[in-house]
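The two complexes that follow have chain A in common; it is paired with chain B in the first and with chain C in the second.
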Partner chain A sequence: MAQRNLEKQLNILDYALSSLWRRRLKSLSVLLVFAAVIFLLASFQMVTKALSDKAREVLVHTPEITLQKMSVGRQEAIPLAYRDRLAGIFGIRRVVPRIWGYYFDEVRLANYTVMGMAVEEMPDGARLDTALASGTMPGPAGQGLVAIGQSIKKALALEGRTTFSLFRPDLSLKAFEVSGEFSPDTDILTNDLVVMNLADARDLFAIPAGLVTDLCVYVANPQEIDTIAKKISETMPSVRVLTRPQIQKTYQVVFGWRSGFGSICLLTALAAFVILAWDKASGLSPEERREIAILKVLGWQTSDILVVRFWESVIVSGLACVVGMTAAYIHVVYFAASLFRPVLMGWSVLRPDLHLLPRLAAGDILLTLAFTVIPYLAATVIPAWRSATVPADSALGG
Partner chain B sequence: MMRNRFPEPMRPALVFALLLCLLLAFDGALFIDGLARRKAEYATLAQLAVVTSGLGLTDLAVATEARYTRHPAVSDPVAPFMDHPGAIEHFPTGAFWLPPSR
Partner chain C sequence: MFLNPWSLALSLCSLIVLVLGAVAGRTAVRVLRFWEPGSDSNRQIRLENAIWLSSTLIAYGLGFQIITLILFVLAADEFCQVIVGAMCATGALLANPYGMPALLIKLVGVFFYGFWILLHQLDIRSEQYPLVRLKYLTLLLLLPLLLLDVSLQTLYIAGIKPDIITSCCAVVFGESNGGGSNLLSGYSQQGLLLAFAGSIVSLAALGLGLGLSRRWRPWLAGLYAAGWLWFFGLSLVVITTVISSYVYAMPYHKCPFCLLKPEYYYFGFALYGTLIPATFFGVSAAFAGLVRGRPGLAGVVARYQRLAVRLSLILLGIFSGLSFYHYLKYLVSGGEG
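Right after this comes the complex of A and B.
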């Protein structure tokens, strides 16, 4: 019995495949459009997943608490004297001041991220040399020494040279010497960085003594981050307190379907399905009605015709899904999402080499299937049922 | 009994199954290559961890055009609209990055 049933399904599958092949131009165009829609959705999902995964993995090492001073709704320099006010809060292990900001290079029209801090005071600061492709990190005594990211090296065209200059706000030049170069493997974090000591950053940005950009606070017991953050907010209400969990959370929600580009991908897919469903639901062509009528005259049941239509839909949508998702994976992994780069990086002049490797879970594949294959099946089976119940004589007679 | 001079054509279901197998084998090759890449990625993860904690980094350096897409985690939410009252956000990367909800 099972053998017979299997043979019947195989025969129906043969018929469905021949029927698709008979209308190969139409079938192929539906398949291609369908695969393109799935490619778009899956590429967006894979890029965002790869970036969020990377952020989740590395941001567990971000400072436990970051303090910024807010004034008139904007961030401004925070006085170093605030450190003394933090001294009264029990549980704080260390407070490290940093000066950091953006340097706009008017010649190359690029934004550099300049960071000045005493790296030896940071956790793992002594091990930073291991993340360099060459040279060493600038120490506290290293006046004018910097460690730079790969894109800075390219932008400044430092072939063989180790010196360059940047403008202070009063347009006087400040000379720097490259003491180290970050490894290309850390590009996703260090691509546009120019790291120097606190005094050099203060000099470059002309920040008055006693002021810094932010304070990194490290606590003795990581379980108490939220409690200590609350105490800091109560002691200094004008300070914005960012905790490690908040920063990590930002990266889990920052790439989402609600972002402009995400919505465009989703709406495109939705529009394609609406057109497809409308085409299918608006009735079958006279040839298709004729075919169904002939099949019924030959003794096919309504259920058999439905099974044929079901197989046709499964073949088209399943194949489109496999092709679309494979193409999306190749696009993201081997071409570093090159179609999305104009939006992902916009007018950025310094662009990191993205090595994206999405971790595909069964849930993600199911999500894409649920968005694409299931609506297609629903959109094709219902009109097929409507036409399959048409009496054979009326379809042939017309 | 006469022997058929031409081999019987393969049934369509078999052709389709072969095509599907070919596609799945290709996907399998991609998966195996993915495993090798994942291994290489784990090796660089230690370096990324050292850089993050050693410099106190808070953000990925993906989009460097605007400060709120370079450092979305530490920029204030009003940053995209602060050029003048009523200003709209105008950088292309702003379309990719969702404003953090705080």
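Right after this comes the complex of A and C.
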């Protein structure tokens, strides 16, 4: 019995294929539009996935806890003396001060990210050299030395020179010498970055001695992050305490939100397609009516014709999925998702070259299928039934 | 948290299933009011056409519900990344009181839609359509279940706030140490495994007895069905408390959902994908027996019952093989029992 059933399904599949081929123009137009819709939705999902993976990967290297002083609801410089107040809290491995800000280059109309840090004090400070394509990180002694990212090198048009100058707030010039250059592999982090030592950053931004922008707290045991964060915020109520897991979750929420928002926008495209599919499936031509009537006369039952229509829908959506998802993958991997990048990424003049590699889990494919194939199948089922219940005599007898 | 692709996909699918269900429900009402098997009036012919539509719609609905069930678990797994303190689907599902009930209703729903389709398949095998009224009455009863399913899911998604602290599965299913949030504990592993193995053996014996005996014994089929229901519940407990930690190779990681992740080669899909259909077939053999007396159904039902018992036995074999695989591998490679 199972053998016969399988045989029957195969024959019906055969018939469905030939029937699609007979109406190839109609089938092809539906297929192409469907593939386009799947392409849009799938590439949106793949970019989100790849970007949130990238964010997670990058955030692994951030300090466990970051402290910022808040005043009037805004961030302001934090005194170095606050470090002493943290001394009593067990579990803190090290507290490293940092000056971190943006420098707006009025000549080139671009923002640079400037970071002044005490590299020698950071737990993994020595390993920072591995991020450099050439040279060394600026140490505490090297006055005026900086490590720069790829875009900065391009923006300043250095081309072999190693010196450049930036303006202090009072418009006097401060000279810098390039001691190292970040490798393009870390572009997502270092593309627009200028790293110098604390003293130089303080000089450039004219920050009074004894103040920095934030304090990075390194915690020995990651299990204790929340407890230590709580203790810090109890000791210093005016300080904003950011923990790494919190930042990670926030990124996930933001990417999820943006992707959801994008999906809602794309739902309009989906709705339009569903209406198209419904319309194409319901408009029965006289030939189709005659075909069904002949099948009925030959002994086909309503259920058989429904199965044919089901297979037709499955074939069309399967092909559309393969085409749409492959195109989406190519779009994301080889064209760096150029269509959607502005929506998902922040706005910036110096944009890093992104190499996105979406991780395709079975769940994500299922998600795309749920978004596209299920509405399509649902849209074609009622028209399929309408066509399947054409009475045998109506088309032939008249 | 509706603005997330997973929530959107779930809501979209549920909406579609609801629409399909509503259309089928409309047919059901008409059939219940106007069905006259003997008549050849225009209305009766229209109704006979309409029952094809409703059965196809419910079949689609079942397929979509199975997909949403998987989507729901995967979505919960995805949500855990934004819920503080949750590390896998367990934490995400416990984030508010609607998560677990929604999952449960979805699971129960899959069984009920399956039973309905079975009823329909049996019905159309007989020329008199003897089950039409029963079929459409039960269809109308399915609709509230569908509605409950969708509302629970919507409440669950609406209730997810990305800043609530919930437990990770290490706390919920792990060894109890004073914490009050333990779902499953207090069972001894050895006892559970013995009960599990014993149930497999007795189910297999019952099934073989049922399949090999010439006469169909309804009480035996009833026992078999009850055995399957018991085994289904027991299996879920055993998977959570014993089998899962052998799959993860971590004694304290006991979670029924992480099994579905790619890290464990989607092992959970094989496990649940055999357990659920096996239970369905095991129970449905007795279930089909209830309509055996209707005109024109005796032969059809008998054939189905034999097939269902055979299928449930095959799936039981596969399921027990899968569930003991990691445990035996652990023992063979030198672990302590």
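Throughout what follows, the second predicted complex is superposed on the first by the 345 of 398 C-alpha atoms of A that agree within 3 Å, B and C clash if a C-alpha of one lies under 4 Å from a C-alpha of the other, contacts with A are read in each partner's own complex, and residues count from 1 in each chain.
Here is the rule we go by: a contact is a pair of C-beta atoms (placed from the backbone, for glycine too) under 8 Å apart; a residue touches a chain by one contact, two chains touch by 3 or more.
Because the structure is predicted, anything quoted here is derived from the model rather than measured.
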Discussion item. Output check: A:V253 vs chain B and chain C. Expected answer is one of first, second, both, neither. What do you get?
Written reply: both
Discussion item. Applying the document's definition of touch, where does A:P123 land relative to chain B and chain C: first, second, both, or neither?
Written reply: first
Worksheet item: Touching A:R289, do we find chain B (first), chain C (second), both, or neither?
Response: neither
Worksheet item: Does chain B (first) or chain C (second) touch A:K54, or do both, or does neither?
Response: first
Discussion item. Can you tell me whether chain B or chain C touches more residues on chain A?
Written reply: B
Worksheet item: So, does A:S303 touch the first partner chain B, the second partner chain C, both, or neither?
Response: second
Worksheet item: Is A:F261 in contact with chain B, with chain C, with both, or with neither (first, second, both, neither)?
Response: both
Discussion item. Let me test your reading of the model: by the given contact rule, A:I382 touches which partner, first (chain B), second (chain C), both or neither?
Written reply: second
Worksheet item: Which holds for A:H331: it touches chain B only (first), chain C only (second), both, or neither?
Response: neither
Item to complete: Using the superposition on A, tell me which residues of chain A are in contact with chain B and, in the other complex, with chain C.
Response: 246, 253, 256, 259-261, 264
Fill in: Contact set on chain C toward chain A in their complex
1-10, 12-13, 16, 19-20, 23, 49, 52-53, 56-57, 60, 64, 67-68, 70-71, 74, 77-78, 81-84, 124, 162, 262, 266
Worksheet item: Along chain A, where are the residues that touch chain C in the complex?
Response: 45, 48, 245-246, 249, 252-253, 256-257, 259-261, 263-264, 267, 302-303, 306, 361-363, 366-367, 369-371, 374-375, 377-378, 381-382, 384-385, 388-389
Discussion item. Could you list, by residue number, the parts of chain A that touch chain B in their complex?
Written reply: 10, 13-14, 17-18, 21, 51, 54-55, 57-63, 66, 68, 70, 73-75, 96, 98, 102, 110-111, 113, 115, 117, 119, 122-125, 127-128, 130-131, 149, 182-183, 185-193, 195, 214, 216, 240, 242, 246-247, 250-251, 253-256, 258-262, 264, 315, 319, 322-323, 326, 329-330, 333, 340, 342-352, 354-355, 357
Fill in: For the chain B and chain A complex, residues of the former touching the latter
11-13, 15-16, 20, 23-24, 26-27, 30, 34, 37-38, 41, 44-45, 47-58, 60-67, 69-70, 72-76, 78, 82, 91-98, 100-102
